[in-house]
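Chains: A, B, C and D, in written order; residue numbering restarts at 1 for each.
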Amino acid sequence: MTAPLAAYTTSTGEAFQFWVLGTVAVLGALGTVFMRRAVHSALCLAGTMIVLAVFYLANGAYFLGIVQIVVYTGAIMMLFLFVVMLVGVTAADSLKETIKGQRWLALLCGAGFGILLFAGIANASLKQFNGTGRANANGNVEGLAALIFTKYVFAFEITGALLITAAVGAMVLTHRERTERPRTQRELAEQRVREGVHLPPLPAPGVYARHNAVDIAGLLPDGTPSELTVNKTLRERGQVRDVSTEALNDLRALERRAEERLERTEIEPSIAKRPEEASK
Amino acid sequence: MSFPLLTATAVLPAVGAIATAAVPAARRTAAKWLALLVSLATLALAIVVLVRFDPDGDRYQLTESHAWIKAFGVRYELGVDGIAVALVALTALLIPFIILAGWHDADPLETGSRRWRPTQGFFALILAVEAMVIISFEATDVFVFYIFFEAMLIPMYFLIGGFGDRAHEHGEKAAATQRSYAAVKFLLYNLVGGLIMLAAVIGVYVVAGNFSLQEIAQARADGSLHMATSTERWLFLGFFFAFAVKAPLWPLHTWLPNAMGEATAPVAVLITAVVDKVGTFAMLRFCLQLFPEASKWATPVILVLALISIIYGALLAVGQRDIKRLVAYASISHFGFIIMGIFAMTSQGQSGATLYMVNHGISTAALMLVAGFLISRRGSRLIADYGGVQKVAPVLAGTFLIGGLATLSLPGLAPFVSEFLVLVGTFTRYPAIGIIATFGIVLAALYTLVLYQRTMTGPVKAEVAKMPDLRVRELVVVAPLVVLLIFLGVYPKPVTDIVNPAVRQTMSDVHQTDPKPEVEAAK
Amino acid sequence: MNAENLIALLIAAPLLGAAVLLVGGRRLDAVGHWVGTLLSAASFVIGVILFADLLGKDAEHRTLTQHLFSWIPVEGFQADVAFRLDQLSMTFVLLITGVGSLIHLYSIGYMEHDERRRRFFGYLNLFLAAMLLLVLADNYLLLYVGWEGVGLASYLLIGFWQHKPSAATAAKKAFLVNRVGDMGLSIAIMLMFTTFGTFAFGPLLGTHAEPGLAGGASEGKLTAIALMLLLAACGKSAQVPLQSWLGDAMEGPTPVSALIHAATMVTAGVYLIVRSAAIFNAAPDAQLVVTVVGAVTLLFGAIVGCAKDDIKKALAGSTMSQIGYMVLAAGLGPIGYVFAIMHLVTHGFFKAGLFLGAGSVMHGMNDEVDMRKYGGLRTYMPVTFITFGLGYLAIIGFPGLSGFFSKDKIIEAAFAKGGTEGWILGGAALLGAAITAYYMTRVMLMTFFGEKRWQPDENGNEPHPHESPRVMTIPMIVLAVGSVFGGAIFGIGDRFLHWLEPVTGHSHGDSPVSALTVTLATVVVLVIGGAIAYAQYGRRPVPAVAPRGSLLTRAARRDLLQDDFNHVVLVRGGEHLTRSLVYVDHTLVDGVVNGTAAGFGGLSGRLRRVQNGFARSYAVSMFGGVALLIAATLLMRAV
Amino acid sequence: MNPVNYLYLAALLFTIGATGVLIRRNAIVVFMCIELMLNACNLAFVTFSRMHGNLDGQIIAFFTMVVAAAEVVVGLAIIVSLFRTRHSASVDDASLMKL
């Protein structure tokens, strides 16, 4: 598929591919910006990147295309997801603007910038396209390698140094220095006794045999959910699910079935939805 | 090449300043003595310069010239004419008195903020100012002059802002705020002037291609350097503005009363008797020599402004309630006289103006320093807080009166000679202005005598009843000044002999000759 | 040795005295007064020697000059320290040093109880030196030095008792009013310089033989110069309109009033006019003004003198009026110059005598000055009474005494001016003579005749009038003698005329009325004046508190409201002016600057808002900036 | 189709990314937007290399990726430590530059 790439215009196949995937890429980008949850943004971005990888391939940058998928979509985006997980998957930040006029200014600038960029490209003289055919004559990777290790070898070395520095830097930044000796079980227990808050181990989450997920607060004997049962991190993120309504619904459902079985005539319409509906 | 005498006169105090600042904090008195000795040594050097200077010799003598910044043709050029020599001598003469008078002004306060080694700093700054003033009197290169003309502001700023009167009627805190206000005002005014001058300096370089005063003046004289009329005028205004701010000319004067009011008396003397002289001196040396035509063009306006300064300053002095501010406004009036004399463009006027610079330095020093001693005794600058001092401290009162009489230019005291010369010089060319200016002498008598009457005479106020008379140190400061005032009043010939040739030169620079009397004197 | 070189010594002696006494300090307190007196006496002796030397020469060569050094050498401007001793200055030298020495002597007694007596003598010597410089100077600028010097001395002496606010104020007032006059003098000098290129007497005024430059200038210029000189003279000699300071000057110790404000300094104005005769002669209009000023002042002073109850103020009024006579005479030109000076000298004698007498009276009366609290003192202090009486007769011009000769001549000269002016001036002079007789008789009667009117003052110690010590009476006696015979010595045979003529010149105007008539008229009017006074104060007892008096009286008591005028117009107006100017300076001139500063402050305060610290808003601005850059580059490529 | 469209696409993505940086407060999302901008640039580079028929553009894109990787590592580390100290990942909370 190298021959047609040399042409001024591309094959209809590529055109079709461009228009379809291009749309996807733009949608992904917009999603990245406008999704309320970081996770969704990350996923959208990943989508866009894959599309871009395809475009690289289409532009004859086979090596880059693969690297894009492997490094970006594979490594970097995963890194993002990890961090998102650390920081809070569902910590949905409201899109409500706090700085006055910031959004409008931003959109204005964006629009202006885009238009100008387009104008720039438009009146740039980009007539002749001599595709990457000759460049990729003996293999794209070989070509790149030749350049990297000859012309750009110095920059290459520098980037190596940069990567190492980055790794070290990340370690330094995230590494938390232990200032005091880790406390033993015994000490912790003694501290608990001293403070007098909740001597026994924390109760397990989940109620009945039905909801044993970690994010569901166990019910106290009086039926009120107890936050204690839920993992601290989840609690901080405010990701404790409340199932009390479900429980009530199930109770009602139980009664109804019982009445149907006993052929009770008067049938009042159910107030609450069925659990499976509720979960929808 | 011979020994660089002029450089020495400036370098000595500069080195002295550094040395004084370096004295360890504990050795306060040592620092004072060091500063005093350095200033005396400088005085000795200045006297050597005075002796080596030959009034009838070349225009600029003891010249030194070294290439400095080749790229802009800046040369380190020094040289003195009669006027510069007189002023260098004046500066070198006054500094020891200022240091001696301010002997205790910078001792750390028992209460209140302890500044960082205030004493060493105070005297080091004074010496630094001396060095810069002297070199700007000696510089014959516009660029060199400009640098030190501006650099002077830095030590002055700290002297004004850092060291105020001990006691203040509104308490230490108010004093501090007013001080900083005054210091900033001083700095801003002079910086603005300086920056405008910088533009003009660059303009001169663009037009003339170098900064050397002598070369440019020479080229102007023999016509080899032609300036468009408008160019010359703009450049002139640029220079004049800076000098008018420095030597406060109405309406650019308002920084002076604040600065002199808030600073200690010796620093006030430093401002008005030494630093401001650079402004008037520079008018004579740079404005007239570089831009003769423009100077003549601007003369009427300048004369009117000077006239306003004279009357206005005197009237405001009458209205003051603060001793030091009163002296400040009096100085504004006197600077009006000086500027008037310079731009009257007659030999009497310009000789008078030069003489006036010297005499005003001495007389204001006498008056202001005694006033400082008075204030330091009572701890208030308000005239109303005094009364009957004459009875408890007759010597103080007497010297104060002499200083006052010098200020009102009583015949027999030095200022009279210069003031009368200025008046005559102005009168011969601009009679009306001369006559109006003469009203200044009545107003001068008014503010001086009112000040004396309110502070020194009348029944003794309780607060001043215990006031001690002048101490030995203070007498050592005042007595020589008084003697000088009387001597120069009776026999000003030594000064005029030095000044006259230089004035003749300046007159020829501006292509001016004195108007002839109607009836030619029969010889 | 050569006589010229003595001239400097004339001044040097008292100057040395002043220096020694003022710098010397307390250790001289014991002998200070003697040092001062001796030095002034020394100066007098030198004066006598020089006088003898002058008499030795023939009339035309009686001018000695001494050139000490060049004072202010500047391009085209020559002022030298040089002295000129001719008959005119000689007369003054003798008067000044003579009367001065006597008054020094008198002061030894008068100031005995003052702990600052040394200082007082220092000031007196300073005054003598300045006054001598004034009359000996060879050019107007040097004269100006003496002129202001005497002003300073009088300032110091009037305010000698500085602890009294009234004294301090009076001193200041005297100096300021004089300063106005000095302004006139300095302007006159400037005019001379611009007109003639010099202000030295020699070339300017010339001599009788060859006239100087003065004639050469345009009359307008000369009139201007003359008027300026007149202004100066008014200031120094307390002539209308600058007379207001003299009355207050009486705050000073009485010897001062006698020496400075009666005998010598106040006559400096007359000296100036007579000295500048060459200029005035060439400016008739100015001369007319001079005569008018003189006439007005002599009436003004006389009227004021009539109303004052303070003995010294009454005498001050009389001084004013007598100097008015002199100025009038000087204004008459060559006819009058000599008589002006003559009256000046005789006046120096009797007025000094009168003041010393007054001082002696006060000395005996616990410094009481109100004549209504005197009365019948002739028995208590006979010497004072006699000397004072002789002075009184002299001043009213009693035939045969000194005042008679001089004043009578002036009146003659006034008539001799001719025309209506002559009649008016002469009439004024005659009227003045009458009033003089009136108020002097009044003083005499109120002080020495009638029954005693003094009561114990508030803290109960009754004054015990007594004759003053010898050291005070001797000078009074000497002066009395002078005032009796001085006139005769000068007047008979026109000795004084011949002595002074070479300098001032003289001409006999043809008087419309004969000398004899004038003399008779003078005698008649003074008898009338005296009689009225007697009728008022001699026949019936004098009330101890002043009656309200007529409108004129009350006005006269307030110096004819001239002070009030000054106060309202000058003082008040000046205060308002300065206060408003201070306000303007603070708000307008300074306000503009501070306003600019405040403006920048506000502006930067606004701009500071932009720095809200939100990285995103910074990013926006960056982004916008980039957009603009792109736009710019595109535009660049477009055009 | 003219391959210039790739450039247009790159420009569009870049703009979107930039706007996102300005609009979003969550540091992570902001970071993603930056990545998006970088990718847009890469696309542009690749397209250029195709235009000029040599591989330099691709090399640059390659380097961009490497640098981006390094930058992401450090940046995310910063975000994490920021979150630890302030319990929030909002860029507005880190507004210490305010006067």
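As a working rule, a contact is a pair of C-beta atoms (placed from the backbone, for glycine too) under 8 Å apart; a residue touches a chain by one contact, two chains touch by 3 or more.
It should be emphasised that the depicted structure is a prediction, and the values quoted were computed from it without experimental measurement.
Select the chain at the greatest separation from chain D, using centres from the mean of Cα atoms.
C
Chain A to chain C: how many Å between their CA centres?
107
What whole-Å value do you get for the distance between chain B and chain C if each is reduced to the mean of its CA atoms?
Measuring from centre to centre gives 37 Å for this pair.
Can you give the whole-Å distance between the Cα centres of chain B and chain D?
65
Centroid from C-alpha atoms only, then distance chain C to chain D, rounded to Å. What do you get?
Taking the mean C-alpha position of each chain, the two centres sit 98 Å apart.
Which parts of chain D, given as residue numbers and ranges, touch two or more other chains?
Chain D, residues with two or more chain partners: 18, 22, 25, 92.
If you look at chain C, which of its residues touch at least two other chains?
612, 614, 616, 620, 623
Please output the residue numbers of chain A that touch at least 2 other chains, ranges allowed.
In chain A, residues 99, 102, 105-106, 109-110, 113, 117 touch at least two other chains, as defined above.
Which two-chain combinations touch?
Contacting pairs: A-C, A-D, B-C, C-D.
Taking the complex as given, what residues does chain B use to touch chain C?
Residue list for chain B touching chain C: 185, 188-189, 251, 253-254, 312, 315-316, 318-320, 347-348, 351-352, 388, 390-391, 398, 405, 410-412, 416-417, 420-421, 423-424, 427-428, 431, 434-435, 438-439, 441-442, 445-446, 449-450, 453, 456-460, 490-493, 496-497, 500, 503-504, 507, 514-522.
Which residues of chain A touch chain C in their complex?
99, 102, 105-106, 109-110, 112-113, 116-117, 119-120, 123
Can you list the residues on chain C that touch chain B in the complex?
22, 69-77, 81, 141, 144-145, 147-149, 152, 155, 159, 162-163, 165, 167-169, 171-172, 175-176, 179-180, 182-183, 186-187, 189-191, 193-198, 203, 213, 216-218, 221, 574, 577-579, 581-582, 585, 589-590, 593, 597
Name, in rising order, each residue of chain D that touches chain A in their complex.
These residues of chain D touch chain A: 1-9, 11-20, 22-26, 28-29, 31-33, 35-36, 39, 42-43, 46-47, 49-56, 58-59, 61-63, 65-74, 76-81, 83-84, 87, 89-90, 92.
Under the definition above, what is the set of chain C residues touching chain D in their complex?
608, 611-616, 619-620, 623
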